[in-house]
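Which chain is which? They are A, B, C and D, in the order written, and residues in each are numbered from 1.
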């Protein structure tokens, strides 16, 4: 049997060799952190502290009443210097709590550590995960406890841990699998328990044989878990593609994984869940791959949330002269940043500095109808037609062509020989179509 | 006042040229323009019908009830077309044969009904006469241009099948036969249209 | 770090493939065919192809007022493909007019690369066929003189194998494969055509569906009707595959990206349609060859095919697959 | 029977009314911008041509010829067609409102579609029998419909492409028709009457 696969996708250069062999090291604890009150999908948090308050590491400093939300915690000890709007990597200013550190790194612990999962009920697990402020660390930043609370009548039988890490350059998840396999297995157990799921699958792209080996060893003796080798192809880590590849189930258009009895979590999230449940540790740090030809010393770093990207890049030796693009996330779906003055948030899997040589230039040439985008689209759309409709403002036509189903993976733009920024056009169409539906 | 008569004539030839500006009466334009002789013949036949029907419709405009005006117009036009058909058949049978079914089809040539509806049904007789002549000549001009291109390059002749026939090129010339085919008619008309679009744009700018 | 950071929408990396690289791949794929044509028909083949390519590139450069004669390479492909559909002994002005018509009428009037509805090379060829038909698709074709580069190939002529029963009987299978027979430059050698097409398949520039649908339809119709009750026993399915422009058309013309459907099922429909029309014309029409008309007709139907074959989107299922 | 099939085949493909015979060019250029209108117009034309051919044929052989007034052919035919269009319109409005909604707006335009009169005249000139005339009408109008729909598909695509300004609209449509006509010339000689 070959590696698990899906239809479509592209094969961008991996460029993971820059950091794949570098073990995760802790970055220095910053003097100042900026903690946005919204680092997740859902309702923003209200601050629980005032300017001038002293805070300790792990202290909850923002929370919300809403179910779909996640609290935020202080990631260093010190004083709250300001609560004001600050640059957010998603592109707008968001109210953030700015903490000046005292350099002492004093921890506060509100949760009791547990040694055995069996001691906790599903409700307790969910409560711990929520209060730890855990969200999807793969980038989507969807609150983890919400995913673990399926609505009535939706039975979940399978939990998939996403270790595909199909984005080029990024190696954070890869390193976690090599270095923290027990945490991942423990986290998976916890998730399965919370959902009452009988099957756990860890999906890993087959360009990471060492991770496959380590994880296979880690699950030895656990009959309800399996490690699946995935064909190396972008976007193998996209929710729908991963579920199709590992279980042959198709998430219906407009539906969620739980519609096919599946919940999936990223490797990083799983580790965070393990730590929250076992040690009571809130989400105050995460692994960030700082890489790209523009970075002088690429690294996989354990970074306190709220650390400014500029400080992190400084720690990695600074940027090269010919850096032309700074990206939060991977090169396929990440967001280009105008400055390095933005904090690491829960969804920051990587900080990428690309030189002019690596970064693509899209010039919006004439479509030659080569159908590369049609072949590449994992969702079976006809990207060039949607883009064309969007370009001419024909949003009815774009809707008929299923613009709203686009997962914005970027395959079509990547593969287009004419250099048309198809994904960008489709995003415009998708936004318009969704806006019209709401109206 | 005189100026307005002249304007009625020139408007049909240039500004509202049926072929190039209004894109009307395309069927005969494309079909009969293989030779200049046919194009010219068709053009003049339309001038005759258009002028006569314009005069009659204009002079009867107060007596034709609004609701049945279209059938009335059609009967008037059909009458003149029948007359022209018989005249052609009697005096220039070769032309009549060449134009074929397109002679009776002048009835449904949208230029004629269009002028009746837009102009002759509302305007006095003299002006309608001028309008008829103008639009008719404009149409003839279109046919002439198209048939000129098609005959010269598609056949290598000028005014073939008439007493003034000229062989334009030497014996080694191989004419572009395509232009004499239906596809050639579409092609040349399309190109001429684009060309007039360019010319008119330039004129309007200056 | 100097200068400003560039802000743009993701993705931030891109394939190295470009329109130009695709066109160069097509030219490479046409290499073997061109080589065989020169070996068979000598200098006249070389002149015809060079003139066709040159005229096409020059016309496009003049139209676009561009100094770079090669540009994205699409004009060179059009010119070469047009020359491939001509016999070796045409006068020089035939490829010149054909290439100019192909570029202007077939392509630039529609707005240039990617915008045209019809395959430009075939538009050029169709215009030539109906203007100077006796020059390029008459009954009399030059006979190849292999390896005689300077020979005058117009001296000895014959009919194409497609002309009728007697002519079909005269060619052997090896002749059909190697191309040592009367025909257009790019139509004679089946081996060279298939060899070249492999490069395009390897590079992923052509989808199997168009040539597959085309060739299968021709073979099936040829076997059922060509060698059966109609016309003659020598014109079998294989004969129809290897003669005339079927291979050139199916592998290089019908697969033209711009003028064929983009959807997978659309491509198959397109291929089958081309095959059907080609064989209808060959078996029942007035012309011995139908490839040009078949592909042009299907080009016209491409927007409709595209419109009605939009693939089913991911997860578009009524019933959920649950274990 | 064979003749009927031949007529059908010839007037759809070989001697296409629009592309080879230049009948109905004005609606062909005018309503081929959108697929939906092309479909509606095509359907309406098939409807009207079939019925009017039947009626004009009957009038010609049972009224005009016996009375010896063939010179009135043109006037009667065009009046019959105009009347037929009116009649079809009224009938449809009562009998099938949905169909009327689809075809209604195109019906008045058909009076000046020269294809209708051309079919009526040619049916008589070519001395077709009644059945042959009706088949001829169906074939000619189906050919018209086909050309219209093909062109509408192409024009919907052209609308999104970069056709140079002077050619936009009718000019590029004519050039497209030219190449389409070229392609259809390949069907020549497949069948003859």
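The working rule: a residue touches a chain if its C-beta (ideal position, glycine included) is under 8 Å from a C-beta of that chain, and two chains touch if they have at least 3 such contacts.
Since we're looking at a predicted model, the values are computed, not measured.
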Taking each chain's C-alpha mean as its centre, the one farthest from subunit C: A
Selected pair, greater C-beta contact count between B-C and A-D: B-C
Most centrally placed chain, judged by C-alpha centres: C
Distance from subunit D to subunit A - Cα centre to Cα centre, in angstrom: 61
Separation of mean Cα positions, subunit C and subunit B [Å, integer]: 41
Averaged-CA centre spacing for the pair subunit C and subunit A, given as whole angstrom: 48
Inter-centroid spacing, subunit D versus subunit C (mean Cα positions, whole Å): 34
Overlap residues in subunit B, where contacts from two or more other chains coincide: 178, 181, 183-184, 187, 194
Of all residues in subunit C, the ones touching two or more other chains: 105, 109, 112, 114-115, 127, 130, 306
Touching two or more other chains - residues of subunit D: 162, 164, 167, 172, 175, 179, 182, 185
Pairwise touch network: line, ring, star, complete, or other: other
Chain pairs that touch, as defined at the top of this document: A-C, A-D, B-C, B-D, C-D
Subunit A partner contacts - residues on subunit C that touch it in the complex: 1-3, 5-15, 17-19, 21-22, 74, 112-115, 204-205, 207, 257-260, 262-264, 267, 306, 310-317, 320-323
Contact footprint of subunit D on subunit C as seen in their complex: 105-106, 108-112, 114-115, 117-118, 123, 126-127, 130, 277, 280-281, 284-287, 290, 292-294, 296-297, 299-301, 303-304, 306-307
Subunit A residues touching subunit D - in the complex, by the definition given at the top: 366, 388-389, 391-392, 394
Subunit C contact footprint on subunit B (complex, rising order): 174-179, 181, 183-184, 187, 194
Parts of subunit D lying in touch with subunit B, wherever the complex brings them together: 19-26, 29, 71-75, 78-79, 82-83, 111-114, 116-118, 121-122, 125, 164-167, 170-175, 177-179, 181-182, 185
